[in-house]
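In the two complexes below, chain A is the common chain; its partner is chain B in one and chain C in the other.
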Partner chain A sequence: MRHFYFDHNATAPLSAAARASLVACLDEVYGNASSIHHFGQAAKQKLEMARRQVAARLGAKPKEIVFVSGGTEADNLALRGIVAPGQHVVTSTIEHPAVLNTCAALGVDVTYVAADSSGLVDPGDVARALRPNTALVSVIHANNELGTVQPIAEIARIARDAGAYFHSDGVQAFGKIPVDVNALGVDLYSISGHKIGAPKGIGALYVREGTPLRAIASGGHHERERRPGTENVPGAVALGIAAETADWTSVAALRDRLESGILARIASASLNGARAERIPNTSNIRFDAIEGEALLISLDLRGFAVSSGAACSSGAVEPSHVLIAIGLTREQARSSIRFSLGPENTEEQVDALIEAVADSVRHLRRISTEVPAHA
Partner chain B sequence: MRHFYFDHNATAPLSAAARASLVACLDEVYGNASSIHHFGQAAKQKLEMARRQVAARLGAKPKEIVFVSGGTEADNLALRGIVAPGQHVVTSTIEHPAVLNTCAALGVDVTYVAADSSGLVDPGDVARALRPNTALVSVIHANNELGTVQPIAEIARIARDAGAYFHSDGVQAFGKIPVDVNALGVDLYSISGHKIGAPKGIGALYVREGTPLRAIASGGHHERERRPGTENVPGAVALGIAAETADWTSVAALRDRLESGILARIASASLNGARAERIPNTSNIRFDAIEGEALLISLDLRGFAVSSGAACSSGAVEPSHVLIAIGLTREQARSSIRFSLGPENTEEQVDALIEAVADSVRHLRRISTEVPAHA
Partner chain C sequence: MPDPTSHDKPIVVAMSGGLDSSTVAAMLVREGHQIVGMTMQLWNQRRLPELATDKTTGRCCSTDDVYDARHVAEQIAIPYYVVNFEEEFEEHVVAPFVEEYLAGRTPIPCTLCNNFIKFDRFLDMADSVGAGQIATGHYARVTRHPETGRYELRTAADASKDQTYFLFGLTQTQLARCLFPLGDKQKTEVRALARDLGLAVAEKGESYEICFVPNGDYAAFMDAYLREQGTAPKEMKGEIVTADGRSLGEHTGVHHFTIGQRKGLGIATGEPLYVIATDPASQQVTVGSGNALLRSTLVAKEVNWISWSGLTAPARARVKIRNRHLAAPATLYPLDGGPVEVRFDEPQRAVTPGQGAVFYDGDLVLGGGWIE
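Up next, the complex of A and B:
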């Protein structure tokens, strides 16, 4: 059976361009970028080219890019590397666990600003949450479950006007919508390779020049003392190429085709989160009186991969904290499915998925209607 | 000009077996190992196969393997994840910076046990350094600069008999000499992929069952709550294959050929560290009255990559802390070169390198002799 992938927010396949650059680098450039001989210098050149490519996509300076192992490490570095004991942090209730759980582990006071029912954070709420000792405000750029894009520029201005640093988890936004660190006004911005066609195991943290970031691990002098460990040059090279080439704009039409198809075909299906302010590839839909995980499994058996929550929370019995945070009941949250598309999806796949969702929902509703008769 | 690589302790080229498994995984398995659909389960299967392969090479249980981004992260996790405020740590003066600098950052009392002139730590010194509140003893298995293999089993027994946990940085030992975590008696053991033919960006920490390791980053529930972040499945797969296939035993003959050739041909060349207790691929030689970095550059111009210290310290103006620690003068330390070979080196390359070293040393000595005449 052929399987089709609609779970790009969990991870995306390698893009052809990133794959080519990665394999070439693996085969040709194996030096340690910190070595001073021929092999080391070849690796260093590739690494610095990648840094320029990532910086260019962000509107940043190359030296403001710190390569790390992924989005989770970038978030941890941003938060743990800035906040000190006795300080205060403001974040939102719809952050990724890498931010939420790091905030909880910091050992400082944290204010969690709520998102509204459309999945958007109100900048005014952030302003009201600030305290004289607020060191950092961290608000996710595009939410991983809903795809909603937050008013980052406005929130960043409020935070920085108050003397706090501003961080945004851009893992789901980078490469999918335009990101300019100066237009946004962020001090710190997390990105991940494997969400946009680069391999797993590489990511980066943008750190605005002058931001007093402390390393959170100890070792050699790599990455201007901000992240020790032998540089993952092939990973960085692929991230650089992915940053240069990622183009998800065409995905919006596919996503809209899928979303309107499902909403038109299926009674009691409704959209979670704002329709307008979203990244182009994500649609989160709830199917009343359907168990989301049962729908996921039914679709998987029909060859379609979707998600009933963030992959990093899979296996958890709790419903999505993001859906609860925007006001859904636990039952509604459990009846929701995230569809996240990518550049390699096609209209034919989308149309087949709409049919499969309709069939699965019909089947699952029939089962749930029949059960009482047998009970 | 052809370039030949004799700096494997900095990083090694991908092995053919690891490359094949990596590329196949990159092409075929792109799911998130935490997703519950078809793509996720395929990734999960690959990840757990890799975990079994790494565990098998260590004589460990699969669940005792935590995949991380590399050796530096493994060392940081082992030390920061065990030691708490008010406790005491024992380590050696010849550790890698990932251990030395992490010890310094822990904010606890640390006793640094000296190595002798042959580069070996005396277990009796470790015993004498123990205190009632010693939480952890960390001693490197094979030193990265000298290649000397420490009496880990004896040191581990002393540490554990005293109620302390024992960690060893096995980055340079794993894959090059037999490593059995039970025979060694280690509680924690760090390994790195790119030193033995797997790619950069992947490593692992062995954590003996029951060892109360705390995660040092926050996020999802990956790796049994010990290391958050989307699993680097292709990296882990390649590490698993490298663990299964790495065979560096044949390198010893090449290393000995290189070492005896250099020592026979060049006056005032002498070996740093113990001749016997070494990993098979490393030789650290000092050339009296020669600047090591000048020799490195001269060899690089002749097409041979060697090292004048650990890559992670390159660019540092200080001489090697390891060579100083075993009693060399700063001048002697600066006149030393590390040759580290790998399975793909050949006798022809070794013989050519011996000639190149002899030529370079002759040339550099002539220059240094001539300088006073012009001065």
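Up next, the complex of A and C:
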């Protein structure tokens, strides 16, 4: 059976360009970027080239880029590296667990600003949540489950006017929509390689020049004293190439084809979150009276990979906290499926997915109206 | 054995990560069936952290068991999923388990889980993904009556592993779609087969505990659960008394006691004392000698008939009143509205409300109900 991939917000396949740069680097550049000799210099050159490529895609200066292991570490570094005991943090209820759970672990007061039913955070709510001791405001740029793009520029301005630093988790936005750290006005911005065609294990934190970020691990002097540990040069090189080459503009048409196909074919199906302000690849659809977990497994057995909710440690599905946060009932959250497309998907795959979803939903609705086995 | 006409549809195997269900999955794959493995996530082990132990397997949804199930699925190359029934499990198994104990009865969560989760919600999930049947590692056999076509449940070939006591709630619709491939096997054969197949769990031990209760300490579980729910009764203490009303001491709630219990009474007397009755209303626990535990009759309610379609006249059977009980000869009398009165030939020790009374004729499971 052929398997088709519609779960790019979980992770995306390695892009051909990133792969070529990665393999070449693994084969040829094995020096330690901190070493003084020829081999070290070769590695350092590759690392700095990658830093310039990532910076260019963000409209940042190369020295403002700190390479880390991925989005989760970038979020941890931003939050733990800025906030001190006794301070206050403002974030939203629709953050990724990397931000939510780090906020909870900071040991300081945290205000969680709610998103509305369309999945958008109101900048006015952020303004009202600020306190004199607010050190940091962190709001996700594009939500991973809904794809909704937050009014980051406005929120950042409010935060910085109040003297707080502003961080955004840009893991789902970077590479998919234009990101300019100066236009957005962010102080800190997290990105991850594997969401846009680089391998797992590489990411970066943008740190605006002058932001007093402390390292959160101790060790050597790497990354301008901000992130100790021998640099992952092949990963950084692949991230640099992915940052330079990622092009998701064509994905919007595929996503729209999928969305309108499903909504036209299937009754009692509706879109979760705003339609307009979204990254181009994400569609979160609710199928009334359907168990999302059963639909996910049915689709997987037919060769289509999608997602529903969040995976807990065993791998079972839990209702999405994001969908609950925008006002869906647990039942509605459990009946929702996230489709996240990528540049390698085709119209034929999308059409086949629409057929499979329609067929699976029809089957699930038919059996759910039958007399239950335990009568 | 599976109906040959259903070969085109996959069979879903309920995989716990243990030896038995892993072997079932591997056997069915070897027989050429299309198999999907699923593990039920039933209870969040991060809840009730005060009960945490260092023991990591043999408890439901322990991460280690899921890893084992996943490893076996990888070995036999089948699709594998963990399905989340936490909410249903709490509603249909954990909450009633706690309520029953508070009401002075001794529940069997495994039967509730079989009735409401494994052979209901799990079967629904199998339906959902287009499977015709489910298979489990239960030691029991299903046959069909040659004339009536009725599905019959029979005890396992390995009497020491027989699990039919926990399956008395199964309906005809459920039995029609369940496979118990281990029913005609000895446990030693199953382990040998698992070794033969090179399964990662071939040397794994067994668990006999209630899966969501750490260390078998159900009273500690109940106390923690009631605290978490904020529903702990204010006053949970009472007296331990003898049948003639003599007070022997105090206790911290009737749910700490079950009929027939001898240990843990916290009182020292010359002759061995047993719990004879518990009364949740007065919180009184009555104790007495072993002979005081003997009962000749019981009433079974919510009776489910399996191999028989019902009972209209008194009939002879052997009746089992707890899993480790040797089925005892008795006569079954139908009562108005469906309950069954069981009159044993010889009095039986510790007839315990909340447990099942399961009726047998030889290896045939006729049906069963809950002891009032």
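Note that the second predicted complex is superposed on the first by the 362 of 375 C-alpha atoms of A that agree within 3 Å, B and C clash if a C-alpha of one lies under 4 Å from a C-alpha of the other, contacts with A are read in each partner's own complex, and residues count from 1 in each chain.
In the analysis below, contacts are C-beta pairs under 8 Å (C-beta built on N, C-alpha and C of every residue); 3 or more make two chains touch, one makes a residue touch a chain.
What you see is a predicted model; the values in this text were computed from it and never measured.
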First (chain B), second (chain C), both or neither touched by A:Asp125: neither
Partner chain in contact with A:Ile367 - chain B first, chain C second, else both or neither: second
Which superposed partner A:Leu22 touches (first chain B, second chain C, both, neither): first
First (chain B), second (chain C), both or neither touched by A:Ala98: first
First, second, both or neither for A:Glu291, with chain B first and chain C second: second
Which of chain B and chain C A:Ser218 touches, first, second, both or neither: first
Which of chain B and chain C A:Glu154 touches, first, second, both or neither: neither
Chain touching more of chain A, residue-wise (chain B, chain C): B
Chain B versus chain C as contact partner of A:Asp256, first or second or both or neither: neither
Touched partner set for A:Glu344, first chain B, second chain C, both or neither: neither
Residues on chain A lying within both footprints (that of chain B and that of chain C): 293, 297, 300, 312-316
Residues of chain B touching chain A in the complex: 3, 5, 7, 10-14, 19, 22-23, 26-27, 30-32, 34-40, 69-73, 75-76, 96-98, 101-102, 104-105, 192, 194, 199-202, 216-222, 228-235, 293, 296-297, 299-300, 303, 305-307, 310-316
Of chain C, residues touching chain A in the complex: 10, 36, 39, 41, 44, 61, 63, 66, 70, 79, 81-84, 86-87, 115-116, 119-120, 123-125, 127-130, 171, 173-174, 177
Touching residues (chain side chain A, partner chain C) in the complex: 291, 293-295, 297-298, 300-301, 312-318, 330, 363-364, 367-368, 372-375
